[in-house]
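Residue numbering begins at 1 within each chain, and the chains themselves are lettered A, B and C in the order written.
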Amino acid sequence: MQKTLRAKRASFSAIEEDHGYAARRLDYGPGALNEEPKRRYHILLMAPAILTLAAITIYPFFWLIYMSLHKVSVARSDRWVGLDNYARLFGDVKYTDGWLLLVKYSALCLTLEILIGVVLAVILNGSRFEKVLVTVFLMPMMMSPVVAGLVWYYLYNGTFGWYHWLFQSIGILGETSILADIDTAMWGLVIVDVWQWTPLITLITLAGLKRVPQDQLEANMVDGAGSLRNFFTVSLPNIYPFLLIAILLRFMDNFRFIDHILVLTGGGPGNATRILPVYLFDVSFQFFKLGRGAAIAFTLLIVTIVLGLILVRIFDDPKKQVASGEAGETTDD
Amino acid sequence: MVAISIENVWKYYGETVAVQDLNLECRDGEFVCVLGPSGCGKSSTMRMLAGLEHISAGQILFGDKRINELAPKDRDIAMVFENYALYPHKTVAENMANPLRMAGVDKATVTKKVLDAAKLLEIDHLLDRKPVELSGGQKQRVAIGRVIVRQPAVYLFDEPIAHLDAKLRARMRTELKHLQQHQGVTTVYVTHDQLEALSMADRIAVMHDGVLQQFGTPAEIYSNPVNTWVAGFVGEPTMNLILTEVATEADRPKLTHKGFTIDLDGQLGEAALRGNEKALRFGIRPENLKVSLERSPGAIEGTVYTRQLLGSDLLVEVETGNDHFRVRTSPAFEGEVDRPCYISYDLGHAHLFSAETGQSIV
Amino acid sequence: MASREIVQYDSGLSRVFKVLAQVFLVVYLIWTVSPFIIMVGSSMKDLLEAFTLPRVGDWLGALSFFDFSPTFKHYVALFAEENFGAYLTNSLIASVGSALVAVVLGTSCAYSMSRYQFRGKKDVFFWIISTRMAPVVAVIVPLYAIFRSFGLVGTLPGLILAYTTFNLPFAIWMLKGFFDNVPYAIEEAAQCDGATRLQATMQILPLVAPGIGAFLVLCILFAWNDFLFATIIGSGGAKTLPVATKELIQPQNVQWGKIMAAGVVTTAPMMLLGLLIRRYLVAGLTMGAVKE
């Protein structure tokens, strides 16, 4: 493939620089271009992963759309219902409540996790026991969420759960288990999530705190700030992008993981903890209404993708320098 | 051991032109420096020579062989990279042995050649170390060792000593030059440091904005720069390039400036009139000017602006009519700042450049 | 980045803060560790001991928790009566299998993603990362339908493939970051040394090997801990430990000793692996956004 190139006169005109050093520029282009080398190598290396991923994500994604437009049943063949599945979502109180509960649940979890996580990080930062304690705090994150759910199910148990005993002893709970009461069940879930994931916020914040420029802190101290002022005026703005990422990641994980909820309450009592992903699970795999489920899943996916876009935007923002910031190799001189 | 011809080579990155219509001939065994500031296309040129970058247009020949389509391994080249590009997980010996291993040389020969090269570079005591344990200078020697273990047709050096400190750089310049002459391998050496180019090269190719400005011996480049750009880039302290107007007085051409007038005669005078240009840039190197506190006939009058000691010499900047002349003189010069002083010049060392195109008109 | 010690000037208030901080730390530590202690303790208790609680408000009585004679009968029962050996094997095969698939395919893809510039690369990348972040419950609905038609439901290959939906994008994303940090010049040097394109790529693999290893472990961890895929896609022939553990909860007779023992069996290996790759954990759990 040989193509002629239009001469780019504009870019070739002589450029006068500071000291009057005029360099000779050319005002013509090359006669013909050499054939570009084939990039087969990279395409071959990428193909297996991309194709596999496409097969298990894009294909199912179209299936999801297909299913959401049909009445899917195990016994009979699928029947086209158009947007019926979606239309019915609007009248479905459990669906709209599912969103509200999801937001409520996430808000509670995130607020507590950020508050406790940041305080913990500030205390740990530079402490003598930082290394040991951080390792200990990693333990809950390594636990399978479903096992975490089971352990806490046991701890909350109304007759022999240690945390139930603790809550009773402090006087914040009566005979009823935290999970059995409509008013407290959500808190029971939040506590487990906070227990498991606050350390992640702590770790992220610690990583951020280590990157707070020392000179800014020192300058601020010289300007007369105390440690508290220092934290709010220097440290916090610096760790803010880290926290933003933590918030988004946790928020998306609240969409992703419902394992412990399935164990602890299964959405009950009543519908008090039936956050949208749990409702989706019930519709699809308890009642096997796969078409309805697909419609719910589709709406959930769209919201996740939007959140993901925001997250990637933050990843890419060079000003925030969240990632380690190593510049890529430049090839030109 | 091969001659290199670069013929009408262009390099595009998308729409951006990195190298424009480059033509260069390196003789067999010659040491050619490609000199220019960052972004001038010198690295692109080197990478096209190495086969790391596609040649957008034109061709490159090693001897009579067109190498455009050859993979780097088939070009019989060896390259030293700016950041050394050593294999961090391999020892010094393994790093240096790598090209020989790739070529399938037997073990005993490899060991011997590596040891020889290491001895030559005085790094034989470091052979078991990993690159992280080495200083910058040592890493640089290993990188050089990696290219000299075998006898390739062409050495390519991409700013190999740019990251060393000044002292070490001076020493490596001598050693590299010696090594190259000793081995007689055709060498292309890319640098932005004009001192490196002047001191090492047989010939220098000066590039700017992707265009080859001048190709010649260091002496030619230094004493006959083809344009103001080359004149300003090569030489330290830089050449004085003062914008003047051309006038004639009784058929004799002269350059006029707010602060002085220079009468031209002979060759310079003819050249000044030939182009019919109104303005010319008067160029003269600081070492070709003399400054004195005493008035002398024809001298340019000015005041001392600054004095900077450059070791054995003194650089005096003299202000005259809003322009500054840099003069290299002996530290014995007594003129303090703001004192009137007089600059005398020898027109035999002067250059005239067109103010419009920047080209030398002599 | 080692930070210099900042001079602290003591005041009365800051001392109060310091004490409060220590108290907070201790309370937090107890709250983090207690579920583990109770899990391990209860797994080694006999039925009666496990069901003993002190009176409400009897704080000192809490110490009675540690008053038991340890027994391993629940662990024995898990493997003897509940077939946990098979579930353990399933968990191992599914998690290691999917991790291997993800890392092998991911490494080559990440390498080229890092080295090769092409139009639309950003979009491809976003697609990859979004598949990782998609809610499992949402993905599982169509995946279940598709896998059912291919007969993959209830099989280990099906489960491995399902886990690949989150492990492969994870591996690509993380490893690309790793390759980005390896200077391209090293490969170029290798090519000038006489290596082919492929040999040059191989030259830098040792440099990313620690990262590849760490992300292999993380992939194993993610897959091992999964419950949703395992319970839907793996139900039947490919029951894994988390599912088996959950199924121990029977409406009539909840055998807490056994459940806690199963919890320990499921959790302990991952805890050890987690410690092993401690250095990469934060990066792994934040999709590379934060490095320690």
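In the analysis below, a contact is a pair of C-beta atoms (placed from the backbone, for glycine too) under 8 Å apart; a residue touches a chain by one contact, two chains touch by 3 or more.
Everything quoted here is computed from the prediction, not taken from an experiment.
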Based on which chains touch which, give the shortest step count from chain B to chain C. 1
Looking at chain pairs A-C and A-B, which one is connected by more C-beta pairs in contact? A-C
Chain centre (avg CA) closest to assembly CA average -> A
Distance-wise, how many Å sit between the C-alpha centres of chain B and chain C, to the nearest whole number? 56
Calculate how many whole Å lie between the centre of chain A and the centre of chain C, each centre taken as the average of the chain's C-alpha atoms. 16
Provide the C-alpha centroid distance between chain A and chain B, rounded to the nearest whole angstrom. 53
Residues of chain C that touch at least two other chains are 183, 185, 197
Residues of chain A that touch two or more other chains sit at 331
Touching two or more other chains - residue numbers and ranges from chain B: none
Contacts from chain B onto chain C in the complex sit at residues 50-52, 71-73, 77-79, 81-83, 85-89, 98-99, 102-103, 146, 156
So, in the complex, the side of chain C touching chain A is made of residues 1, 3-6, 8, 14, 21, 24-25, 28-29, 31-36, 38-39, 42, 50-54, 56-59, 62, 65, 101, 105-106, 108-109, 111-113, 115-116, 118, 124, 126-131, 133-146, 161-162, 164-165, 168-169, 172, 177, 180-181, 183-185, 197-198, 221, 224-228, 232, 241-243, 245-246, 249, 256, 259-260, 262-263, 266-267, 270-271, 273-275, 278, 281-282, 285-292
Chain A-facing residues of chain B, complex: 8, 10, 12-13, 15, 17-18, 20-21, 38-44, 47, 53-59, 68, 159, 190, 192, 208-209, 211, 213, 227-229, 231-233, 241, 243, 281, 355-359
Considering only the defined contacts, which chain C positions touch chain B in the complex? 183, 185-186, 188-197, 199, 203, 206-207
Chain A to chain B touching residues, read off their complex: 5, 8, 11-12, 14-15, 17, 19-26, 28-34, 36-37, 331-333
